Structure formats: C-alpha cells, structure tokens
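Take a look at the structures listed below.
What follows is a pair of complexes built around subunit A, which joins subunit B in one and subunit C in the other.
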Partner chain A sequence: MTAHLKLQGVWKRFGGATILQDVSFEVAAGRVLGVIGPNGSGKTTMINVLNGVHRPTKGTITLGDDRIDGGSAHKLIRAGISRTFQNPRVFQSLTLLDNLLMVTEGMGRSGASTQRAHELLDFVGLGELATAVASEVSGGQKKLAEFARALMTSPRLVLMDEPFAGIHPNIKEDLMARIRETCDRDGITYVVVSHEVSELVDLSDEFLCLAEGKVLATGDPREVSADPTVIEAYLGTALGAA
Partner chain B sequence: MPLPTASRWSRSGLLARRRVVERAGWASLVVVVGLLVAFGLTTGQLGTLRIATTALMYVVLTEAWSVLGGYGGYLNFGMAMFFGVGAYTTAIVAKEASIPPLETVVAAGVVAGLLAVAVGLPSLRLRGAYFAIVTFVLTLAVQQLVMVLGITNGSLGLYLQPLALSARAADQLYFFIFLGFALLVALGVRQIGRSRFGAALVAIREDEDAAEVLGVPTTRVKLIAFVVAAVLAGMVGCLYAAQLYYIEPVGTFQFSVSLNVVVAAIVGGAQSWVGPLLGASATQVLSQELLTHTQGVDGTLALGGLLVIFARFVPGGIAGFFRRRRGTKVSL
Partner chain C sequence: MTTVFQVIVIGLLLGLIYTLIGAGLTIVLGVLRIVNLAQGILVVIGSFFAFDLFTQWGIDPILAVLIIIPVFFLIGGLAEITLIRRAASDSPDRAMLVLFGLLMLAEAVATIAWTTDSRSIGVGYANGSLTVGGVVIPEAYLIMAGVAVVVLGATELMLYRTLLGKALRAVGQNRQSAEILGINSARMATIVFGLGTALAGVAGAALGVLFPFSIQLDSQWLAYSFIVVLIGGLGGIRSSLVGGLALGLGQAICSQVLPLDVVPVVLYGALAAALVARGGGIGLARERRI
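And now, the complex of A and B:
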C-alpha cells in the first residue's frame, strides 16, 4: 500500500518555455510533502507531470519500485496515483455518491463499492449529502467530495492542488485532519501544493519550495518557510540575486 | 448492526420509485410496439407507412448518435457522412458482387466504421464546437469526393436492384425491418447507459480532464462511441439505399440528415435511451406532416423553432423533463 516517491532530474518544456528544471526530491511513504512557491513557479505543472497529464521532457519518476514517468493519466491511477484539482472537478450533474461510484464501478452498481463510497462520504462528513447533486453543494463540500473520490481508488500517492483555497475555515480544518489521518493510518503519501503556508506548515512533514521551475529549498517546513531565499522568491526578487 | 443513514434511506426510496416508473415505461413500450405492428400489417395508407418508416429510421440514427452525443456530450454533425457512405457501399458492393442490396448491410456498417476510425483518431482530440465543425466539414468533403469519383458515378448517382415485391409489400417489409432495428438499437443503447462504458462516457461529458485522471481512457472510449454511431448509421444508409434503389450525392449526404438527428436528440433528450425514441418520432412525424401539407420551408422552420424552444426552456428534452419531475437526480 505504501510507496516512496522519487524524482530525479525532471525537466518539462513546452516549446521554448522551460517550466521545470532539473527537479529532484524524495518523499518517504506515508509522509506529507508541502509544496510552496510563487505563481508561475511550476507547482501545478509538477502535479500534472506526476500524474501523467504531461510527460516529463527528461528525468525519472518512481513510486515504490514502479517507474511512472511517461505513463498516461488514466493508467497511472492503477499505479496508485490519485489527485484533486485547484478548482474542484466533481461531476456536476451527478450525486456525490455517483461521483465516487463512477471511479470504480460505473453508475447504478451496488455492493462493496457502494458501501465503501458511503463510508468515505461519512469519513469526510458528507454522509447526509450522498444523494445531493454535486452542483448544489458548496465549494468546500465539493473539495471534500473530490478528496473522498480520490480516496475511492485506494491510492498510494495523492496529489492535491490548492486544497485549502477558498473554503470555510472549519472545512479546511476537517480536510487537514482527514489528510493526516489517512496518511498515518493507511500510509498514503501526499504531495500538497498550497499558497496557504501556515496551514501547510502544520500539515506537512517536509517542505519543498519551487521558484522559476527549480527547487529552491527543501527540508523541515518551519525552516524552509523562514528561509530568506524563499521569502525573497515570494516577494518577487530575482532568483539569481538570492 | 448500524442504522442506515438518512442518505441511504432516500436513495433506496429513489430506487423504488424508479423501478415503478421503469415498469410503467416497459408496459407502455410493449403497447406501442403492439400498435405499430398492427398498424404495419393493416394500414392501407402507404404514405403514412412511409412516414412511420422514416421516423423509425431516425430513431435508429438518433439512438446511435446519442452514445457519443448524449452520454459523451460530443456534438457530432457527421451522421450524414456515415449514412451516405453506408448507402454508397451498399450500391457499389451490391452491383460489383451481384448480390441483393440488403445482403450488404454488414459491409456498409464496416466501411462506415473504418471511416470513423480514420476520421475520429485526429478529430476526437478536439472538443466542443471545434469537433462539431470538423464533422460538418468532413461530411461536405466526403460528399464532394463522391461527386467526382468514377466508382460512385459522380453526381448522376447509382441505381440498385429493387426487391421483387409489390410497392405495398416492400414498404411493409422496410417498415418492419426498421421497427426491429430501432428496438434492437434502443435496447442496446439502454445497456450501454448501464455499463461501465456508459459511465465512462458520462464522466467525459461531465469533465473530460477529471475523467482521464480518474482512470477513463478518454480517447479510446470516445473513439469506440464514435465508431458505434458510424457503424449503425452506415447500416441505416444501406437500408435507405435498398429501399429507394437510387442514390445520388446531394440527397444522400444532405446536411439535414445530421441536423434532424441533433434536433431529435435535443427535443427528446439525448442523455437516456428513451429520449431519442420520443424525439425522433415527434420531430419526424411533425416535419413529414408539415412537408406533406405545407411547403417544405415550413417544416424546417418548425424544427428550428422546436430546437430553440427546447434548448432554451427544456434543456434535458422530453425525457429529461419527466425525469426531473419525478425527482431522479442521476443522469443515467
């Protein structure tokens, strides 16, 4: 179930634009890696490269013993990689329950999958909204439903892009608690991208700061977030001057 | 034993209500089919029989279209292309192999399916209006090709060997062929809607990027749906050519075939197998009646008006309207 994530020398270019430059890091199984960096630093591209939406131009990515670079998104879910999006991408006209069932069984199925879907909705606090249509629930509830859907695939690695943006503080707290719980209990590895540094410091075991597509700093969350070069990157100082 | 949550109760209540409605629906379908069979056997009005046959033809085309267009949310204006290719395949194969046109139905479906693979691989990378435009333009391109090729006899068209039957017997035969075909295809589309393949298409319609990262091989699923629609349209084209025993490029590849299918799907509701049955029947009977009793342009205007009204006020079509009325919230 658990797996160690390792990136070695990962590059991503789109035409003449280099978005990721020689990115290397490791995350031990069952740990939370918080990823910070200013806008345009390559955080979302890194998530997209990790789950196969984009193929890396160069470099290797392994999850446990499996090479996952170059795999397409729909195949990597079978390697145990799941994700959530910056703007929750739930299936709007379906119920929350069907959103979860869609992942494993298709709609209208019963049995073990339905039970697991109900358990996961209960787990994220949406049990009473199982038959609510996704378009009718709040933005925060959509984020929770999307998180439950990500867990529906029994993942080894969950990638989360801005999970705390624009949601009620209580839901934010619940979401952080559920991430931590599944991490500690099930050994799921998380890579969480967020601009909300204080929340991410509380949640993460390790930090990674990206700037202009390069790894600027890695290590203990409090140390990285207090690093002068990281602060300068956020304030817009040129990387070369740091 | 843990108590069920409120959500579980409400879902089971919803399912029980759906079962009752489904049984009523099946009973209605059996009655309608029985009435159609009686009509086909006893009617003396060949004009009415032909209108009913055309409506059934559009039921098949709209059901076929709904696999990608309704479940998958891809607006396909290329049904006329596959329909026409099927018709021409029948005419050419029947002539070259000296066999009755009806025996070429598989060949017509296969050729249309192969064309769909060739066209679908590049065009299904496009989304929304771009895909719709490409399918429309390709239809025109294939039509132009047929007009200049020697094997298709250019704009003069091709004649087929008619059945050695009286006009009445032939019309009855094609009525029952299309009735059986429509029933088979409708039930097949119903099964697709309940399968993992159908669920994958719904996921694509809802959010293609999310579907991809949730494990749906989106390109493959879309291509299969596109090919299914093309194969069925090709087979319908075969039956159309065999029935008319003369085809030419302008009439066979006319855009109104694609447009009628889209209008029928929007009026009936494309996101279930019932919608195309209702939509194709209603729009074809209406347009054929208007065509018979008024000038042709009135029929086109009426269909255009229907399209605007349903797109604006009843976006789920007739089937979607009733589904919402009975409180069903799921899409399949």
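And now, the complex of A and C:
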C-alpha cells in the first residue's frame, strides 16, 4: 500500500485546446506536494485527471504499483484516491454525517462507517455539527466537511483544490495542522493546489509550479516560490490582466 | 356528520394507496429526472399479476406483494439496463420517449395476455366491513392501506437510514458530483428504476383488490400519479403522502357531492390546470429535492 505518485508525460487536450503539456513529476509517500500557478494554468484539470474525472490524452500515472490513468472516479476512490473541490461539493439537503457516509456506499459495513464518520468530523472540529444539514453550515465548514469526507475511504492519496480559499484564518491553521498530522501518522500523500503561496510554503515538502499547462519549476518550496521565472509567470498574468 | 367521517376515512385510506403510485413516479423523477410514462401500465400489470396469483395459485394479494416486489424490481432494473440507460445518457426527454414506446408495447402484450376484459380479485375480505362509531370501514380498504403503509415506511427507511438511500439521494441532488465522489451512478439508476417499478406493482395489487380493473385503466393511474407528484412535489415519500392523501380526499369528496361521471372531469381538469400553472410540465414540479 505505498502511495508514491508518479506522472510521466501526461497530456490533456480538450478538442483543439491543450491544457496539460508533458507534465511529469513524482511525490514520495507521506509527502505534501504544493501546486501553484496562475489562473487557468491547468491546476484543477490536473486534479481532475488524477482522480479520474478526465482521462489523460497521453501519458502514464502510477500510484504505488497501480496504474491509475484511465480509471473512472468511482474505481479510483476504491483504489485510495480522494479529493476536495475548489467550490465545495456537498449535498445540500443531507446532513454533514450523511455527506461523509455516502461515499462509502457499497464499501462494507455501515456501523463501522458511522463510527468513523463521527471520529473524522470530530477530527476536523465539526463534531457538534454532525447532524446539521449541509445547506445550513458556512462555506469554511463545508470545506472542512469535504476534507473529512476525503478521509472517509482511508485514502492513500488526497487531492485538495484550493482548500484555503474563503475560509477563516483560524480554521486555515487548523486545517493545515490536520493535513500534516495525517501525512505523518498515516503516510497519506497530498497534492494541494493553492493560490496562497505563503501558507502553501509552510505546509508543503515540495513545490510544483504550472504555467500554461507546463511544469515551470519543481523543488524546495522556498526556492520555487523565489524563482524569478515563477515570479514572472505570476506577474505576467497580473500585468496581462491589468 | 357520520357521512363526513365516512368520506374522510375512505379518502385517507385510498390516499395511502395513491401515495404508492405517486412515490414510484417521484423517486424516478427526483433521482434521474425521467418522467416514467409507463407508470400507469405497470400499475395495471401489478393488478393482473395479483389476479393471476390469486386465481391460479390461491395466493392472497397481501402475500402476493412479497412476490410482486422482487419480480417488479427485476423488471424495472432490467429495463433500465437494457433500454432506458442509453437514451437517458442523451437526455431525460429521450428516456421518456423510450418509456412511451415501452408503454405502447406493454399495452399490446398485456392485451394478448389478459384481453381487454374487466376483472376483479374476489378475496374473502372484499365485501367485509367494520363499523366504528357509525362509520363503515370496508375491510379491503383497511387491509390494502395497511400494506401501503408498510411498503412506504420501508422505502422511507431505506432512503433515509441506509447508505444506499443516502447515495441515491446524493445522485438525485447532483449526479455529476456524486459520480466524481465515487458513487456508481449507473448502478443507482438501475436500483431507482427497480424501486419505482416495484412500488407501481404493489399499488396495482392493492387497487386490484379495491376496484374492478382492465388494461384501459393505465391512463387513469398515470394521470393519478401525475396529480400526486404535482400536489406533493419532488420530495420523496413524505411529499407523495401529501399528494396522495389530497387526491384520495378530493376524490372521495367529489364522489359524494357530484354525479359520478363528473368526478373524473373535475380531477383531470385539476390536473390540466396544475400542469399549466406549473408552466411547462411535470418535470418542473416544485423542486424539492429528494
């Protein structure tokens, strides 16, 4: 059950548009890869390819000894890959507890699942809101619930798309601590996409910068975030947008 | 005053059975966005099935329900896998057209199998009754409403208390999200169709005990299921209960105060008005998610 993630020459095209170009990188088991890059650089698409929402046009992806490119989302979740979303996808009329439980449908005993769901809600600080209907909790709480849900299936790899966007600073620190804890304790591998470079530097073991669908730089978080080409990629879009 | 109670009791008991017809339609519509135009013919086939089980094997309709549920579940599930799924991947409207085709086919086959003659299921309790405080309660109504309550209660528990039910409701709320989160939505669609079909079959058995029936009743039962969903909205069993009881009461009251042949005119008139008022059809029945 190792969780070493490896992408080799991954491409993604939609019609005529090439969104990911020859993306290759590796993340060792139990490490956090921070992914940065300007808007539209393909970060969300990369996550969609990793969890089977989209099939890569070309390239291979392995997790431990398993080939995971081309698998559908419901197969990959069983292979130990789970995720959160840029805009939280919780089921509004279900309780937070049920939002966690639904992903384990068809995966075994419901008694054990309920126990685990309660533990995970406690773990992210939502224990008191277990029976609250999702439409009644805040955006930040939805993001925490999504994180707990991602852990429900005992994943090897967790993909997080903009987990810190729109959540309260206190919750942000908490969430970072929880991510770190599950890495160190359970050996879960993380790919975390974020705009908030300084937070991500603190959290990550390694960094990857995407620009226009290509890997611009990889390596130590501080070095990558100080890399002039990386800064230019950000400034370039900032100037372009201005 | 006794007459008033009499009408209310009959209306409510009947309403519980109408809830079954509407629940089948609501669940399929709520989870898959597909209007099951074959709902009425499935109810009629349920009646014939109960009739055959009773006349050929001596199986009481109460027990027949235990056979009808798995058999109809299989029929619905298989139809989803073989015929409906492909059309539904295009659009729910194409699936509806396929169901319309299946309705015509089922009608033709059922006519060969059972002819267009009217039948009734002559169970022992068909003509019995209890009298409570002057109100006469026909035994058959009481028994079949009891069957409806048990089946509806079990369905409600499945939808709200089991993992499967939670996953089904998640698919109803956002199929794409549910898929991305690992729910096998194709399997859910099969189960939902099986469930809707089973509910129609049970409704057919219950109605077959209360009223004489023939194949031509299918459009009436389809219309009734529309009325239940339009009144109750898309909210699962509880919404169907609102729609079903309202329809049962409405019908019982109309039957009391209006000439019998005018009753359907009023009910269908109300259906037509509701469809117009909802602006564009049953698919737009108030969006309360299942």
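Quick note on the criterion: the second predicted complex is superposed on the first by the 228 of 242 C-alpha atoms of A that agree within 3 Å, B and C clash if a C-alpha of one lies under 4 Å from a C-alpha of the other, contacts with A are read in each partner's own complex, and residues count from 1 in each chain.
Convention: a residue touches a chain if its C-beta (ideal position, glycine included) is under 8 Å from a C-beta of that chain, and two chains touch if they have at least 3 such contacts.
The structure displayed is predicted, hence computed values, not measured ones.
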item: Three-chain arrangement built on subunit A, subunit B and subunit C clash or fit; value: clash
item: Partner chain in contact with A:Glu223 - subunit B first, subunit C second, else both or neither; value: neither
item: First (subunit B), second (subunit C), both or neither touched by A:His74; value: both
item: Which superposed partner A:Thr153 touches (first subunit B, second subunit C, both, neither); value: both
item: In the superposition, subunit B vs subunit C on subunit A residues touched; value: B
item: Which superposed partner A:Ser113 touches (first subunit B, second subunit C, both, neither); value: second
item: First, second, both or neither for A:Asp184, with subunit B first and subunit C second; value: neither
item: Contacts of A:Val53 with subunit B and subunit C, given as first, second, both or neither; value: both
item: Which of subunit B and subunit C A:Asp98 touches, first, second, both or neither; value: both
item: First, second, both or neither for A:Arg89, with subunit B first and subunit C second; value: both
item: Common interface residues of subunit A - those touching subunit B in one complex and subunit C in the other; value: 51, 53, 73-74, 77-78, 82-83, 89, 91-94, 98, 102-103, 105-106, 149, 153
item: Residue ranges of subunit A touching subunit C (in the complex, touch as defined); value: 51, 53, 73-74, 76-78, 82-83, 89, 91-94, 98-99, 101-106, 110, 113, 149, 153
item: Residues of subunit B that touch subunit A when the two form their complex; value: 5-8, 10-11, 14, 194-196, 198-200, 202-203, 206-207, 209-210, 212-218, 329-332
item: Contacting residues of subunit A [partner subunit B, same complex]; value: 51-53, 72-75, 77-78, 82-83, 85, 89-95, 97-98, 102-103, 105-108, 118, 121-122, 127-131, 133, 149, 153
item: Subunit A-touching residues of subunit C, taken from the complex the two chains share; value: 162-164, 166-167, 169-170, 173-174, 177-184, 187, 289
